[in-house]
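Heads up, the thing below is written out as structure tokens.
So that you can tell them apart, the chains are marked A, B, C and D in the order they are listed, and the count of residues begins at 1 in each.
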Amino acid sequence: MVKALYDNRLAVDIAGLKMKTPVTTASGTFGFGLEFQDFLDLEKVGAVTVKGTTLEPRAGNKGQRAVETPSGMLNCVGLENPGSDYFIEHTLPELKKIDVPVIVNIAGSTPEEYGELAKKLDIEGVHAIEINISCPNVKHGGIAFGTCPESAAEVVRAVKANTGKPVITKLSPNVTDIVEMALAAQEAGTDALSLINTLIGMKIDIDRRKPVLGNVMGGLSGPAVRPVAVRMVYQVAQKVNVPIIGMGGIMNAEDAIEFFLAGASAVAVGTANFCDPRLAETICQGMLSYLDRHEFKNIQEIIGLALPK
Amino acid sequence: MLTKVIVDAKVIGQKMLSQDVRQIDFLAPEIARQALPGQFVNVQTSTHTAPLLRRPLGVANVDPEKGVLTLIYRIIGEATHILADACTGDRISIIGPLGHGFDLQAKKPLLIGGGLGLAPLVYLAKNFCPNPVEILMGGRTKKELFWMDIFEDLCEAIHITTDDGSLGAEGTVLALLPELLQKGGYDCIYVCGPEPMMKAVVEVAAKFEVPCQISLEKYMACGLGACLSCSCGGVHKRLKVCTDGPVFWAQEVKEW
Amino acid sequence: MVKALYDNRLAVDIAGLKMKTPVTTASGTFGFGLEFQDFLDLEKVGAVTVKGTTLEPRAGNKGQRAVETPSGMLNCVGLENPGSDYFIEHTLPELKKIDVPVIVNIAGSTPEEYGELAKKLDIEGVHAIEINISCPNVKHGGIAFGTCPESAAEVVRAVKANTGKPVITKLSPNVTDIVEMALAAQEAGTDALSLINTLIGMKIDIDRRKPVLGNVMGGLSGPAVRPVAVRMVYQVAQKVNVPIIGMGGIMNAEDAIEFFLAGASAVAVGTANFCDPRLAETICQGMLSYLDRHEFKNIQEIIGLALPK
Amino acid sequence: MLTKVIVDAKVIGQKMLSQDVRQIDFLAPEIARQALPGQFVNVQTSTHTAPLLRRPLGVANVDPEKGVLTLIYRIIGEATHILADACTGDRISIIGPLGHGFDLQAKKPLLIGGGLGLAPLVYLAKNFCPNPVEILMGGRTKKELFWMDIFEDLCEAIHITTDDGSLGAEGTVLALLPELLQKGGYDCIYVCGPEPMMKAVVEVAAKFEVPCQISLEKYMACGLGACLSCSCGGVHKRLKVCTDGPVFWAQEVKEW
């Protein structure tokens, strides 16, 4: 029994989303969860956050879609997904058989699209909605929603108006002022924040003298970006009062604890799933040892301990 | 059903096949017992954060009884350089078996390979034994054709082309392929090698109406069907090379 | 003789600053150059960019100032330097004995301070001024000049008005739109741009439950940030017509070539000086082999080759 | 003048001194011939980008004739774990000698060390030989005091304290220091160890008016005086631990 196993010491409640452990999976790095069942027991993962879902199916970007960089990787998968109908008909029923909360990461090109998607997903088996605002806003010349406070707020409002589920807004780190973005999302009614999404980067193939990625630029993730992610969680945690799901380069329990100390109430394992597909489950053992070693009663006690008093 | 496992496999030997190609043997019984020809494994060469990702390598052979998994790889970048430094006794984390392998129904198969694409064909050829197997292999010069020694005991006939004519026929595998297909009576082609080679073979095979299986190579981050780094366009649907492939029937793949 | 050695194939001219090789050193990572003389021949470095200099001496930040992160490092040295008078009296005379151009990186708290500093340094022995705009603007609540186009432009104008030397503006990557910053600097009259400065990051000591760095946050540098740096050079090169000095995580010749292909006309070696103090000299051999292998006549020919046609 | 060099030093042996402390010997004649007690070297444990920076380690001994450089280190994090895996014959890039070492003028020195701070004191003690040297060392339990074996042949007297009293006097070095200073007639103290220990020793030394040299440890990125990661406040000027130190006279340093 999970309860016995973790003693409830790791349980968290993110704006009504109850998680047995404070570890979820970063969208796009864990498929729909089912792909990892040979390696871990999904019921011991705090929540499964699935690949970004759009209204219609998308084929994603052409050409090479991933490449390793120093302690990180770039990807330009570009929201390939089978679309919301397929997800609801085929994937969700499979996930429902498993006793684990499901967070659906959604993406769109207009606030209306986000709203429609939220409404469609306001169904049993979906436990929370995570809004990916790092997508181009087609109405505003393709500038990402996530780099403009007004656009971000518009998306959050559209989603909130269409769902009764907890809404998590996932912030993009490619901004001058992450706190401004966080506050905009909070004012628009988000129930929680998750950060960070990927940093924009690129790599050039010096022999072909062309960008390596088919889409030229891609999202940088992995341990390379962790210092930026921890910094942003630390900055945002000081200014908002909604819970934060921290992510960016978590490779083990120690890295996860950094995020809690910086003010996160839960964390997500991303790129590290590719290195160790068991991590989203096993990381909890290390966190429990930490709590023991430092004599904390539960994970709640360490949230934000490194913040200025 | 097959189960993917993650194991700390023990290196039990490493052999130099050419200046930059190595064969490495692991003790990995859980994988060796399950792996089918055409499947691959995902190897972690570093416990630090650089290199970060695992590297996909085709299963070149297995000995299910002894629990031995054999890989053949070219030393090309960071990870394969580290792998080449591995010593007997070292432990290396391997995930496998991954992907789905070749359809093995052929009665008279023709294997076609080039470069490291020949690695998975070793296990495939072995699998057809003692039925007669023929292989057509293309290389740049005769130096690359250390593969001959490997396939000698496994194949009834070895057809060779080299770009410079230093061994076998001069040119690419296309120099011999039409003739072979005309006379050979093959009921299936299995091709693994550089993309241009595979595309050309698929075209010729179509002309001669011989069914053809291809083994695709795409940059892979997860190898588990989760990240969509490796996807390509199939007929009426998207395909993931790491789980739907790496082996496909040529006509399944529309865009690669 | 250097000329013979490099055959002139690597010579570049950055807005009037003539460099025998296109490799300079990133400010703050090479001291005043003199510290590296046991390891390399400074005359074979394209230019020495010295540690950030301020009008008055500064003691920098307290506490731990550096820490390693995955494929990178954080620093919060905080502009410790002996001040401009000391530099002019004691350091510059030493540098003058060496046949290498000197780029002085300057920092201040107000545009006026930058201007005054530029005037003081408009002397023989100084070959160019690099403006570090990643400093807090005391007049605007400590927001860095480098994150606001108007403030950045103000600093550039103040410097340009006070010097006849080529002026290089060094951009901060901690912005939503790097192109906007580059254009602001160009309009304000900068002769060249250098990018990137460090990304803001932090690390938490999970046992002490406090930020590792004395200054809480620090600048992330090293190969971890290279994908972000290459991306920014690639974006900026498409929009400006002043030359770019590219930097961020260059560890070897191949990395340097990525920057040239992305549109840089010169590069700077930073954090890598700590790993291999000879690199700013030896990297050129690798670049020459690349030119040979791909049959390019000189480095000029590869600048921007990966940019969209 | 001393020249700093960068060399690919060959590992010629590694010895376990305790569960987590190792002695490693390198063939590095250019460094071994020049290094003075108190200096350090900067060791690169990886040729990949993680770990990225070199790691500073004190020169624990040299054999200038044989060209041998000895370091003693605690396995604590990423880099020292890699170092512990180095095998005889491996090549490791080392920069040195760095910093400036101890002033060696003392006629009757007292060496004081704790933890890995004892490493540089080995070479210092050797340097004073055959003049009589005394050492006061503090440890947590007697298990840490494998150092005794090392200093036995180098020192005339070894004074020991352990936190738990399992060897020597119970307590920190302060338990013995006043008594020693009262009777010993030392003309100089050389201390290297954890910061609180050094600060306490400096205070007692001042009271007894014995000149005191301290060896500071600060996080270092370059080790060459270029990055200012390691600077601290001196009297009327800033000091760089990596080049102005790591050894200072206690009164030179105001803020550490």
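By our rule, a residue touches a chain if its C-beta (ideal position, glycine included) is under 8 Å from a C-beta of that chain, and two chains touch if they have at least 3 such contacts.
Here the structure is a predicted model, which is why all the values come from computation and not from measurement.
Among the remaining chains, those touching chain A as well as chain B are C, D.
Looking at A-D alongside C-D, one finds more C-beta pairs in contact between the chains of C-D.
Centre to centre, using the average C-alpha position, chain B and chain D are separated by 54 Å. Centroid to centroid, with C-alpha atoms defining each point, chain B and chain C lie 46 Å apart.
One inter-chain figure worth recording: chain C and chain D are separated by 36 Å, centre to centre, where each centre is the mean of the chain's CA atoms.
Multi-chain contact residues, meaning those touching two or more other chains, occur in chain A at positions 70-72, 222-224. Shared contact sites, meaning residues of chain B that touch two or more other chains, fall at 49-51.
Viewed as a contact network, the protein chains are fully connected, with every chain touching every other. Residues 70-71, 223 of chain C touch chain B in their complex. Against chain C, in their complex, chain D makes its touches with residues 3-6, 44, 49-54, 95, 218-231, 233, 238, 243. Listed in rising order, the residues of chain D touching chain B in the complex are 46, 48-51, 78. On the chain C side of its complex with chain A, the touching residues are 69-72, 74, 147, 174-177, 199-204, 206-207, 209-211, 216-217, 220, 222-228, 230-231, 234, 249, 254, 257-258, 261-262, 290, 294, 302, 305-306. Interface residues of chain B facing chain C in the complex, by the touch rule stated above, are 49-50.
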